[in-house]
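What follows is a set of structures for review.
Two complexes, one shared chain (chain A), two partners (chain B, chain C).
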Partner chain A sequence: MAASSERSPPPFPDAEDQESEPALRDEDSDEGADIFLGTVSRKPFSPPAAPHSAVFGDPLSNISKQESTSNPAKQSSKLPSDVPCDIFDPLHGTGMEPKDDGKNPAELRSEERPKDEPLSVASSKPKKDLFEDSPEDLFSELPKTKAKTKPQMDLFGDSSPDLFMDAKAAADTGPGRNAPADLFSEESVATTTSKSAKSNISANGVHSDEEEQDIFAEATVELSLDSPHNNRKTLDTTKPSEPASSLSAAAGSSKAQAKTLEELEEEESEDKFELNISITNPEKVGDGMNAYMAYKVSTQTTLPMFRSKTFTVRRRFSDFLGLYEKLSEKHSQNGYIVPPPPEKSLLGMTKVKVGKDDPSSGEFVERRRASLERYLQRVVCHPSLLQDPDVREFLEREELPRAVNTQALSGAGFLKMINKATDAVSKMTIKMNESDVWFEEKLQEVESEDQQLRKLHAVVDSLVSHRKELSVNTAVFAKSVAMLGSSEDNTALSRALSQLAELEDKIEQLHQEQAGNDFFVFTELLADYIRLLGAVRGSFDQRMKSWQRWQDAQTTLQKKREAEAKLLWANKPDKLQQAKDEIAEWEGKVTQYEREFERVSATVRKEVIRFEKEKARDFKKQIIKYLESLLQSQQQLIKYWEAFLPEAKAIA
Partner chain B sequence: MNRSGKTADTMEGSGLTISASSIKVNEATLDEDTLVFSITSQKLSNGMGVCVCRTYEDFEWLQQSLFAPDEPDLHGVIFPPLPAKLIMSPQSQINNKTLKQLGFLALGDCCRTYCEALELYLQQVALHPILSKNKALETLLTNTESPGKQRAKKGIFNRLSQVMEEKRKESHKDVDDFFQNERDNNSNMTALTKVTTERFLDVVLAEQRLSVASKHLSSSIQLWVNQEDSANAAFSKICLKTSKVFETIKRNFEKTAENNISTLGLGLDLQSRYQEAEKEMLFRRTCKLVELEAANKNTERAKANKKGIMEEVRNVLEKQFDGMSSMARQEVGRFHQSRVALLRTALVSWCEQQLNTATEIAALYSEHLEACQKLPEE
Partner chain C sequence: MPTISQEYKTALRSVSVDLNNDVSLLIDIPDALCERDKVKFTVHTKTTLSVFQKPEFSVPRQHEDFIWLHDTLVETEEYAGLIIPPAPPKPDFESPREKMHKLGEGEATMTKEEYTKMKQELEAEYLAVFKKTVQVHEVFLQRLSSHPVLSKDRNFQIFLEYDQDLSVRRKMPRRCLVVSSRTWLKSADEVLISGVKEVDDFFEQEKTFLLDYSTKIKDSTTKAERMTRAHKNVADDYIHVAAILNSISAEENTALKKHLDKFSDMFEKLRKVEGRVASDQELKLTELLRYYTRDIQAAKDLLYRRARALDKARLKSKDVAQAEDNQRQCMQKFEKLSESGKKELTSFKGRRVVAFRKNLVEMAELEIKHAKNSVSLLQGCIETLKNC
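Let's turn to the complex of A and B:
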């Protein structure tokens, strides 16, 4: 259920429809906001219709009813999506309430749906700033808080206490403070009917508090839903639902500002990372076609953001895909290059499921393990992604909710996705009148590099297959020599030949190892970078989209101005005010989109530079590794030959 | 017939005046369609160098001259095997058919391996106690005129006619345990050596393909780097280095394959052909044996009036067979000695060369490694 709401497309159309109204919001404040909220909340959440209609009728009591009756898992999964609706409803129904009674609902709302609160909380709240920044940042844009408040690693510890204290002070309810966490986890929420709103505040507050451990354990689903949920809200914020509100525009600018600060900080701290991740012990869990591989993900770190220095969790492949989905949903649109995970391989996995001791399935598992390890290392190497709560959760938390809907990322689907993205890019390139030469050149570079890498990949592939061929031929030759040796009458020669057979067996082993090295170092490295280049193109694509949005807004603004001129000419003063409002709204949008475009451009540029640095570092690391393996096997070979020489000489 | 008779006569004369170990087949040049081999050797007496140019036909002439059909004892000699004819295609490339026929001898630059095989052949002939006395060898090595123009008949080297008989007589039970053993042993070893040689050839071919693939990779990387602008200088340097590394890998395979061809490959090939030659000799003896046994039977069954003639025929055959057998016995002993010695030489020089290559490549790798570690990252 939660998943379905998560998957439903962002309410662009809805927002678009309302775009004519929001202008009112600034002046008319609450009423306009309520209308807006009402529509928004109804539309996106309409799929789970049944519970909602009930909730709409009698929100608060319904919450309590639901909470008291439903079982823990169900309840917690419902909460995030239901509560927002419930909460808006009172406002909707009671109309003016926020002003006098307003503290709780307003706070509540701001906690639950961070991005909406600029609209509703607007003028009535003294803690406006806090709500505007912290909750939002807290849930989805963590790094920002860091920059905004204090440059500290542990932003949870940093920002949430303030928030919590505020919430507490505002609500001024003793039980609300201590009960909530327990309430929430122990299912005794039913008793606090009137305070359910507060309990929600606290629940969310606690989520970022020291007690998060408990919450993590009990309300697993709730948390995981929370992040995509909020994160999509952020998406909305940066997109149409934010519209003409000057407040949110201000928020946007403060965000941008925060970002630059954060970037600076990032660069400084880049070298201080102390984080090693290894993936070991691939293990088959279950039987038959439901079987899957579980991997041990071990982390060693000195980073203070983690609770301990070493910890280990077990994860399955779809968890890795799930992590990518979450990260990509949150960060791609901002122009970040989110490292892609290895593709799903139906064939390989089926072999693992069916075959017992097939060497090729063993190879597959090892290949997958190594590739997941590299994927995860790339994620944590990214200073911004490392700060993401989902990454932390992935590394630290014992149990993850089962990632669903990862089919989209499987093999062909994944490729299709990338191709689609690149198609979109190329189409847009034609339209886009590139103002920045750097981007134009880089994109071309990336595209030609992609082609070159694919070519190289094919060449390395043939190299690997030749190496395997050599290894097979050597083994066969060794067998022949052994037979020849055993039929040989001359004792010394016979002995030398059987030694030679052994030598060839050892050389065959070396060839095999080297084939493995060729494969693991180069084939996989190139495959990784072909995927990564897909992600790089994706970030260019995001920039293009952002540009498109800006251009579209400009066009619309132009139309609105023309419409105003027509109205002036036609002398229709009644509609003139509305037209003026619209123009103001669209002017705001244009400024905002332009700023966004600049922000995304800056991020993409920074990301591409970072990517290239990483690439150089990565290739260097790999070539050194490869040379070391070459050298080692060569030295082994020398030993073998040295051992054989006296045998050959001993032939009389 | 006449000419071969003459050579048979001169055979008993003074031995070869050329030092066997000095015989070298230096190079093969393509004169229109024919390969011309330049052969140098030194006189035993004064160490004076002699240089002649010979075609494959001249070698064939020698091989046929060595064998004198009217000298029955010669049937017991294991003739050093002459490699099959190397036919160069216009592009001087080796096609699959030639490769299948010649194996290792078709490999190597500029027929190098083939020249070495011819050289080994000449040396083996020169080292042979009986064959070295044949004037034809001296003629081939020293006479400025090409002797091969007078075409000789195929003689016993015409294997086509043998094929039918072979099947019938090969399994003929021998009267002598020594030869029976030798025959069994030989057919076993011939098959095994042949297979081993073929498999070693597969190894070498795979190495050559790897060498080509490495070269391809190396130049692909280089091409790529050349296309990239210098925006990411660090990365370009790393790629260039990688390209160099693969060049070394290419060199490794190239050298290893070369070593394999010129030592063990050649050795195994010679081994294989020598065993074929022994087989042929043993077969000739078996044929004689069959002939003798038939004559024995005929003599027994013959009527009194013909018995005298039959006995005479049988006695001649018996004498021939005995002479051939004693020669064969010597030859088999000699063959095993030289076979082991040849293989030993091949193995030792193979091992030494591979060791050298491995050491050289290891040094190159560690140079690369050092250089890579010094590469800048940013």
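Let's turn to the complex of A and C:
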């Protein structure tokens, strides 16, 4: 498909080509067409529908998926052909300036978006400038300072959701968004071209976000009266610039962007809410095979969203699974990483149900309690998930409707599900010619990390069992030495041997405790993260799915257009209108899906960065905790042996 | 093939027995060579005694030669009242070899670094087994040399001096027979020793003590072996953990990298400490128990011999008229045996207590040293982790 091949080429060749051309071209519109020729394949027929210029007429045929750009304005644009000129001519003139001196990356970025419009009417020059400047600027400027990179982050973090909202005309008042409603209204007011131009001039890094919104809003308003036909032309002309610039921007900025998003995260975590959750008092409810464990979920919070500061509810395991299902249903499709709950364990639970005071069932319950606690803490740590009414209900509501169908999530089933998702992801990766290096690299990282963690998990598991073995063997040896001591006929030696037996008994305790720490602090952490990495891959999967949907829509659109062209050829005006309607419908879908894809991509990116931060924090915490446990047992060991030493010396 | 230098050995020698240093006859094994299953020991002697032709000489000996010497001593009637030092166990390199084999099979699942470390560990273990083998053979000879009676044994002197092959190995098939007949004899001895009515309180006491002690120390030895092996496994696990953590941190590029590096480093250091703890326990505790298991068997053998002599003496005394002389002779022999046996057993007890004391003190000190070492390592690591 033409679309994907255009989107997939490595980001820079195009830009470089442009760069190698003479920097200044005269403003003849034909030149612009030449540029397009250089980058885009054309179809032979090109209905000259636009009155305006060759630039318009020409690329109509360049029907390609790319044009369904991220710009919401275009979707319903209806534009008198000279209006864009008015809008964007000044824009180019002014917009170039900050870019040329390469100072303002945010500006640059915002420039790239409006550029979609300008190209529809503009001469080739601004476009060329864009090509020349944007990659360089992105590279040279973005990573340099925080002040400079931040605006760009804002763009990514805030404006794309806003754009989306724009299209939906529904205010999404999620947390961490910059009063989008206000922006929106402001944007709609700004209708004059001169104002937009001005605002663009005055745009500096800090305000670029709003500025960009202005332009978009304007475009939305003004373009809204255009005919679909005209609109399509607009799209066509914008096309060539879009892939190249967005690619170069994506590649160039991915690193800087990661950084800035991290900073954003840091800011968020600074004003961290007070919310402590603990799970205590596991209690067996009922008898026989219908028995279940109920856990006390206590919440302590200063958040105003809860009715009181402390509250407690009783929940059973399937309630936790039910919560996961609800959250996963709602959020994972948007690219959120929904923390997975611990797996169901038929064997463990059966033991609990049947066994009375089996130590292994006690261990099982404690293990589950701890992992449920960690699960819940991860859920409420997620700013978006915390806002979910189901989470609040889970924490607050006295009686929860019984969760059903959680059987499917039983241990093996859950793993299978994750594996299936993984397979799907890898299959899709082959199909999807990844346009964003960042995602490609991240996915690989996640996959190899998953493998490594699994390996480590196996090794630490064997460490646990070896230490348990050591503990058992030490206990046996202690008994044996005690016996030996009792038959020893030298009194002092006999005494020393029984002391040694006592010492070994204590050491056995130490080993046992350490084995517990190995398990709860280390192994469980790894198990959690293996599960979480599954969820991360799930979010990548969601992104792929969204991409797939978009691609499918594009294919359909392409077919519709071909059908229309045939109708034109055959000169069947009666069916033409219907075909045009369908095209309009599919264009809408393509735009919508693309926006969705970009939104999911942005979310996944943000989520992955969030996840990595959490992971780093978690690991550090647990590593220290683990080392401290080792330290403690070694200190204890010193005490024990030091107490023994005089006994050994007393043998005479 | 590993050979062992002198200094190495003296540093590692676990003196399970306390030997009085008689300078008139000094024996050591400065060198040993391992050829497949055979270990060739170089037995070096330094002496002021006139029975030897030269004041200093070395001879090559193999494990079978030691066994021959031991068996000859046991079979000598005059030594029936002595505790014959236990024969050194046959060199056994099976376990490290098997592990090496297993490691080779699992090579694909490990990183190169991990494999190298595991291999080094196994080589160290192999070397330790080798050293221990040399050491028990040396101790056997040293005990003989420090014994007032046994050091004058002609066979012992031949063993030390004769610079040709002792060619005792050809007798090996016969020895197999001897072994089986001896085990049969031993079980008969057990019956005898428990069936014979004891007249002497000392021996009665010793008998019950040794029988009891022998089973218990055997048990403790196996248990201690298992414990040290488990400890070794834990130390080996640390290697794998360190290696995998290391490869994870290589791929990580966030702040976590530093932490994982430190963590992996920590495991790497800890595994060395844990490995040393395990090998010191092996050397100080397990080896001690192992040695005394054999030594007690030697003491028990003395009791068997005495019981047999007693039985013989009683049997003879039934034959009233015929051989009064003979009977008196037997009785005398028995009494002499009893007397030296009493001396031997008492000194054995003293020796055992001293050896236990020495090893237990050393082990406690080493344990403390290692634990302190880990504590300071851990504290340092936690400190750096908290600060970064």
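Note that in this section the second predicted complex is superposed on the first by the 382 of 652 C-alpha atoms of A that agree within 3 Å, B and C clash if a C-alpha of one lies under 4 Å from a C-alpha of the other, contacts with A are read in each partner's own complex, and residues count from 1 in each chain.
Keep in mind that, in the parts below, a contact is a pair of C-beta atoms (placed from the backbone, for glycine too) under 8 Å apart; a residue touches a chain by one contact, two chains touch by 3 or more.
For clarity, every value in this text was computed on a predicted model and none was experimentally measured.
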Overlaying the two complexes on chain A, which is it for chain B and chain C: clash or fit? clash
Given the touch rule stated above, what does A:303 touch, chain B (first), chain C (second), both, or neither? neither
Based on the superposed arrangement, let me know which partner A:620 touches: chain B (first), chain C (second), both, or neither? both
Applying the touch criterion given at the start, work out whether A:583 contacts chain B, chain C, both or neither, answering first, second, both or neither. neither
Check the residue A:493 against both partner chains and state whether it touches chain B (first), chain C (second), both, or neither. both
Those residues of chain A which chain B touches in one complex and chain C touches in the other: 445, 448-449, 452, 455-456, 459-460, 462-463, 466-467, 469-470, 473-474, 476-477, 480-481, 483-484, 487-490, 492-493, 496, 500, 612-613, 615-616, 619-620, 623-624, 627-628, 630-631, 634-635, 637-638, 641-642, 644-645, 648-649, 651-652
Looking at the complex, which residues from chain B come into contact with chain A? 185, 188-189, 192-193, 195-196, 199-200, 202-203, 205-207, 209-210, 213-214, 216-217, 220-221, 224, 227-229, 231-232, 234-235, 238-239, 241-242, 245, 249, 336, 340, 343-344, 347-348, 350-352, 354-355, 358-359, 361-362, 365-366, 368-369, 372-373, 375, 377-378
Complex contact set, residues of chain A against chain C: 445, 448-449, 452-453, 455-456, 459-460, 462-463, 466-467, 469-470, 473-474, 476-477, 479-481, 483-484, 487-490, 492-493, 496-497, 500, 612-613, 615-616, 619-620, 623-624, 627-628, 630-631, 634-635, 637-638, 641-642, 644-645, 648-649, 651-652
Spell out the residues on chain C that touch chain A in their complex, using ranges where they run on. 209, 212-213, 216-217, 219-220, 223-224, 226-227, 229-231, 233-234, 237-238, 240-241, 244-245, 247-248, 251-252, 254-256, 259-260, 262-263, 266, 270, 349, 352-353, 356-357, 360-361, 363-365, 367-368, 371-372, 374-375, 378-379, 381-382, 385-386
Can you list the residues on chain A that touch chain B in the complex? 445, 448-449, 452, 455-456, 459-460, 462-463, 466-467, 469-470, 473-474, 476-477, 480-481, 483-484, 487-490, 492-493, 496, 500, 612-613, 615-617, 619-620, 623-624, 626-628, 630-631, 634-635, 637-638, 641-642, 644-645, 648-649, 651-652
